[in-house]
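Here subunit A shows up in two complexes: once beside subunit B, once beside subunit C.
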Partner chain A sequence: MTLEFTEAEIRAILPSAILFLTGLVQLLTDACLGARDPEGDRGQKSHLVLTGAAGSVLAFIALGALTDPSAPLFSGALTGDLLGRFAAGIIIVTTLLTGLGAGGYLGAIGRNRGEFHALLSFGAGAMVLLAQSANLVAMFVAVETLSLALYVLAGYVRDWRESSEGAFKYFVMGAFSSGFLLLGMAFLYGGSGGGIDLAALGGHGDEPLIAVGAVLVLIGLGFKVGAVPFHSWVPDVYQGTPMLAAGWMAVAVKVCCFVALIRIILATGVNTVVASLVEALAVVTILLGNLAALNQTNLKRMLAYSGIAHTGYLMVPLVLVLASHGDGAALSGSLFYLATYLVTTLAAFTALSTLQQGDRDCDTIDSIRGLGRKHPVVALVITLSMVSLAGIPLTAGFMGKFTIFSDAVAGGKWHLALIGVIGSMISVYYYLRPIVAMYFHEALEETEKAEAAWGLHLAMLLLSVGILYLGLFPESIVSLSRGAVPLLAGH
Partner chain B sequence: MIGLPILTLIVFTPLLGALLLAFVNRKNESVMRQGALVVSLVTLLLSLVMLVAFEPQNPGYQFEENSSWSETLGIRYHLGLDGISVLLVLLTTFSMPLVLLSTWRAVTDRVKEYQIALLVLQAGMLGAFVALDLILFYLFWEAMLIPMYFIVGIWGGKQRIKAAWTFFIYTMVGSLLMFVAILYIRSHTGTFDLPEVLRQLRSDPIDEGIQRWLFAAFALSFAIKVPIFPLHSWLPLAHVQAPTAGSVVLAGVLLKMGTYGFIRFGIPLFPGAAVWATPFICWLAVIGIIYGALLAWRQSDIKKLVAYSSVSHLGYVVLGIFLFRTSGESSQLISEGMIGAIIQMVNHGLSTGMLFLLIGIIYERRHTREIDNFGGIAKVMPVYSTFFIIATLSSIGLPGLNGFVGEFLILKGSFTANPLFGALAATGVILGAVYMLMLCRRFLFGPVIHQENAQLPDVSTREVIYLVPLVVMMVWIGLFSKSFTDLISPTVHHYLQNLL
Partner chain C sequence: MAASGPDLAALAVYTVVALAVGVVLLVASELIGPRRRDPEKATTYECGVPLFDTAREPFTIKFYLVAILFILFDIETVFLIPYAVIFKELGLIGLIEMGAFLLVLAGGLVYCWRRGALEWD
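And then the complex of A and B:
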């Protein structure tokens, strides 16, 4: 049997192929040149950064080359639809910005080794594949591949105690959730009479089996996106993960797993049990995420819980779609929200990555006290991201919440908007705490700033511009997200 | 009409100024101060140009700018000005140069951030007064919050952090509920554009029961800002802790945002619910008038005293707004109350603003605000004391000064609409005279008890420069009140006729 690919198939696989290739190049370059680097792990390794950036940019351009979204590719394993492209775009931008900062950040904590850069590229490649997956097998393979990169990144700094603990916990929980996911997929396979293509799941087959399968998949992917009650690993893992990698995890994993979740849930058809389960999960996730964030003194943990809360907001459009019997229009709210979440959350993590205490991350509220005076620019970016996370107007975060809540009210689910708003009220409290610490208090601890890290500063600048741009001129991305939805609803 | 987008210019000049100042080296403090002052003067000039072009007889929106901002989200960039907002815009642009001058010396820490925060705050306030799209209004409304939060939290007094927290959380809780209500209006009418929403609601009103909930959400947000009793507890804290400029802006303009919100949005969007809630809100306003006055009477800190007097004074404004029709079967519309309320918003901004400026002056010299630490100031600082007495007389509504006009119109309207409220509000006027005159007696007159006060320098030229314009305005409004009410009344008459 010979392997022959159509042009459309090559175009579809190109973005992730470029990313995987970039990872390989980075790995090999580092193996050849790394030993000769006079600065060792303290250098910026700009060649790795630039290779990664070039790879991401190329992959992003390759996204534009995807054609004919409706045709099945690789016997239905992948799709080139706009939903996948939108999500892949977010993942690639996240990776680009994280990769830009990685050299300076890792140099500042004295751990700049080639594998970090390579793992970022490998992980991103798998994530893009997941976003484009159109059958169960491709999905599972992609989930496992990206998880592998994440496990290693979570435990990247071996001598931090939290890092080993977090990585171990992540690995155990991740394996556990993959079990659920696989079991769910098995039920779907059985229920639909032996179909692995998502397109074949809906409409016919054994309803109860499909419903059980959908619920199990919901649990499995719920773990990955950090929905309550499957969220307990998130704060521990973030705490142990290097700051910059935590930001990448927070955004990119959520994007691709959420898209996979959307695809499977919608493909299984609208089921009242699943619909009410998703609604309940959304409500609980919003409230619990925000409440648990309230008394965190560690910024990574605070951002972890805030990320959980944001997962809850993301699920609201899914609830609307299920309630409106598969009219996917509301999903654009989720997609736009993901874009706003990218700039906002990544800005917070990137800005925090510029600060160190010795070789450690600056991750407690006390450690950023008095920052407004010492490092006004970093403090300003953190403030901007906190304001955006809280959903205060003129920032991306507001526009994201605005689309979701207004869709919820328009879709008759005004109580979800109300719960979202209550969540936002709670969140204001903990998002203000870093601001209070930075501007209203005097410095308490010694923190240094990675002044030489050009990539971090560039990423920080781009992300701040992104927050304001999406907050002031949301039109372009909103219409892009609207365009990404209808094809999905065509099932 | 002038060809320029004058409202955009007025709103964005301070913002542009703030942006430019961001690029000035922070060591250049005098450039920073002068730059901010120039920007605020340019804004004032622009608003005066607008006033010249303003047509008082035209009851509709003027200088309208209406373009799409985000087509898919349905947000429009719709600005407009009418008799309700024209004086408030002028009040904002007029007070900002004075505010900047007042803290020329007092603020020495982080001067750059301070000037930028004030200018951004001004842009937010101006935007909120001219926005005619619900979301646009909400954006400006919320955008004011952040700079004010920093002004209180960074440059405030000992309890500044607690004050900033309380201020922020209070306001945010209110406005988020309003946000959901705005979204509901959109789902009912399909637009955020205020004139369009009002047109649609006239033909297809929202069900009365739902209207009440929506009105409650709006009213809560506005009532916190005013503040209406019993939501006032953030105010004395924020006022006392804020630096002088913060207090002046807060009392002078920010509080009016709440009463303005009632007139512009709360009542016309939900007329049925507003009429239903009128007795309730009027009682709260009257309680606020008397309770605020009694609390002010008991204060030993001058700034706190003036802060509580604000609660009392704003009570009149709310009363004036809501008594827009007589009770009973044959309800008639009354415009005096609302006209008086709008004038009173301006007056309160001038008189209370001036009082806070004067308190700032004495605080800079003595670093205390306890009334007992003073006495006999009139002997030491005669010019200062003259200003203080003028501000006091304006605040208690002496005929011939501005305060009288507003209070008189509000009381006249109240007595026509509901004599009981009129009588109770009049009691507040008496109480107001009592506590303010008592303050003057203890603060300014009598022998100089404390040695520290014997050598206090009188007001400097800079201080006179920013106090005199306020006095001029007070006398001007007091003597030529008709030229001011003429700006307002056509719009208010038109507004009330369209209401029910």
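And then the complex of A and C:
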């Protein structure tokens, strides 16, 4: 027996390998040198931030060096296709910006330990791997690896009561959902006569085991992306997670798990049961996410429910693809939406991360009252991200929603577009509440701003530029997302 | 898949007899078996040695850390010994793969050591 790796295989594994290695370096650097840092957990630890940033940039460059998108790599475990590369690009950019802010944010809440930076890198490595997975085993291993990083990040601040509670809930629900995912994969394996590769799952007609497997996988990954009715953990977990990590979670996890969901559902072929189930989930998720967000007074919980609603919008293109018997073109709407979701949501979490009350996150609407006068720049960025989340023109959020809804109308699913528009109209109410509190109310509570956190400010600036850029000049990313899709339809 | 008649009949007889034997033995033992209760019988079985005290004592969490570290390096052995057997067959790629595995493990060891996980106090 001989083992050999082709050059294409090494190129394909390189982005996640770089991220894992970065995490290891960060972990060891802090363990060996951390004790010498005079500022301890209150310092910025810029060396860890810069290591992480360098790792992310290198991984992004390595992504561009992927070759031969169609050939199976590692006996079919990974693929170098453009869908995976697009998703991996979003994940790496999210990690880069989160990592940039992490030093300043953690220093401000007095909990800057190397583990946080390392877990970001480890998690990102696993997410990139998930985005590139082309067989069931690789997918499951990647899902579990990224979940491990997330559980620890959710419980990162051990002495916040919500943090321990959230981490425990996340762990129990995560293990539960992994059970569904694994059972679904087992049914797919059995139904296809022993197929592990996604390519082997199609062409089995109306084999009931395949449909059962697809539904179970839909449930398992539905938990991870936070689709209703599998969403109950999302608000509790976000509330307990440190603000900056919650933003990373909201974006990166959604991207990679959604891509895995797309891959499995489309690989199993178009099944009417699965198609109508996805459609029902999309409708319920949009409506319930937006309605539940209405009376939240905690900003993290509000953003969690808004994230649930956005999952619903993301599922609309998948419904269109299933309705048009596997024509993948509509999926470019989802991919572009993920890019707009990245800049918008991460901007909100990053801007909120610059504010603290003592050693705690500033996460209630009351706590940001009067911010427009005290910290005008932060207030402006929060306003921009809220406006973009609501989908008001000239912002990224508008372009994302516009693409999805117009695709839905063109695909004959006008009722989905209608529900999406109704959801967006509901959402304007709760997205405007923080804005009103910041500009039209007197300050109630004392909040400080992490003035020294250069990385947070840089990330905030880049994300604001991103929101406006995607809102005004979306063509480049739209054409990238279009290019990522046709190869998928060939699966 | 259709089984012939006699086979199924034999299976049915077997099932009935097996069930009957179990039920009859349990019921008979319950009805006519002698009962002598004493406190010795109610204690935990410790191979005939008298009990010191209850096993439900809190003990220090440091044991868990040691146990987890032990499992990690136990797994290392589990992978290394089979690797030694096929060392030549796997060649350079195998060496690189095991090197990556050992690098990660060694990284973990250095991390535990620097964070003080190897010190008891």
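Please note the rule applied: the second predicted complex is superposed on the first by the 487 of 491 C-alpha atoms of A that agree within 3 Å, B and C clash if a C-alpha of one lies under 4 Å from a C-alpha of the other, contacts with A are read in each partner's own complex, and residues count from 1 in each chain.
Heads up, the rule we're going with is that contacts are C-beta pairs under 8 Å (C-beta built on N, C-alpha and C of every residue); 3 or more make two chains touch, one makes a residue touch a chain.
This one's a predicted model, so the numbers in the text were calculated from it and none came from an experiment.
Enquirer: Per the contact definition in the header, classify A:L432: touching subunit B only (first), subunit C only (second), both, or neither.
Expert: First partner only.
Enquirer: When the two structures are overlaid on chain A, which partner does A:L27 contact: first (subunit B), second (subunit C), both, or neither?
Expert: Only subunit C is touched by A:L27; subunit B is not.
Enquirer: So, A:V478: does it touch subunit B (first), subunit C (second), both, or neither?
Expert: first
Enquirer: Have a look at where A:L418 lands relative to subunit B and subunit C in the superposition and call it first, second, both or neither.
Expert: In the superposed model, A:L418 contacts subunit B only, not subunit C.
Enquirer: Return first, second, both or neither, reflecting whether A:F5 touches subunit B, subunit C, both chains, or no partner chain.
Expert: second
Enquirer: Using the superposition described at the top, determine whether subunit B or subunit C touches more residues of subunit A.
Expert: Counting residues of subunit A touched by each partner, the higher count goes to B.
Enquirer: Between subunit B (first) and subunit C (second), which does A:P393 come into contact with in this model arrangement: first, second, both, or neither?
Expert: A:P393 sits against subunit B, while subunit C stays out of touch.
Enquirer: I'd like to know which partner A:G179 touches here: subunit B for first, subunit C for second, both or neither.
Expert: neither
Enquirer: What residues on subunit C touch subunit A, complex-wise?
Expert: So the residues of subunit C in touch with subunit A come to 86, 89-91, 93-94, 97, 103-104, 107, 110-111, 114-115.
Enquirer: How about subunit A: which of its residues touch subunit C in the complex?
Expert: Answer in residue numbers: 1-5, 24, 27-28, 31-32.
Enquirer: Which residues, counting only subunit B, touch subunit A once they are in their complex?
Expert: Touch residues, subunit B against subunit A: 69-73, 110, 113, 135, 138-139, 142-143, 145-146, 150, 153-154, 160-161, 164-165, 168-169, 172-173, 176-177, 179-180, 183-184, 186-187.
Enquirer: Provide the residue numbers of subunit A that touch subunit B in the complex, in ascending order.
Expert: 372-373, 387, 392-394, 398-399, 402-403, 405-406, 409-410, 414, 417-418, 421, 424-425, 428-429, 432, 436, 439-440, 473-475, 478-479, 482
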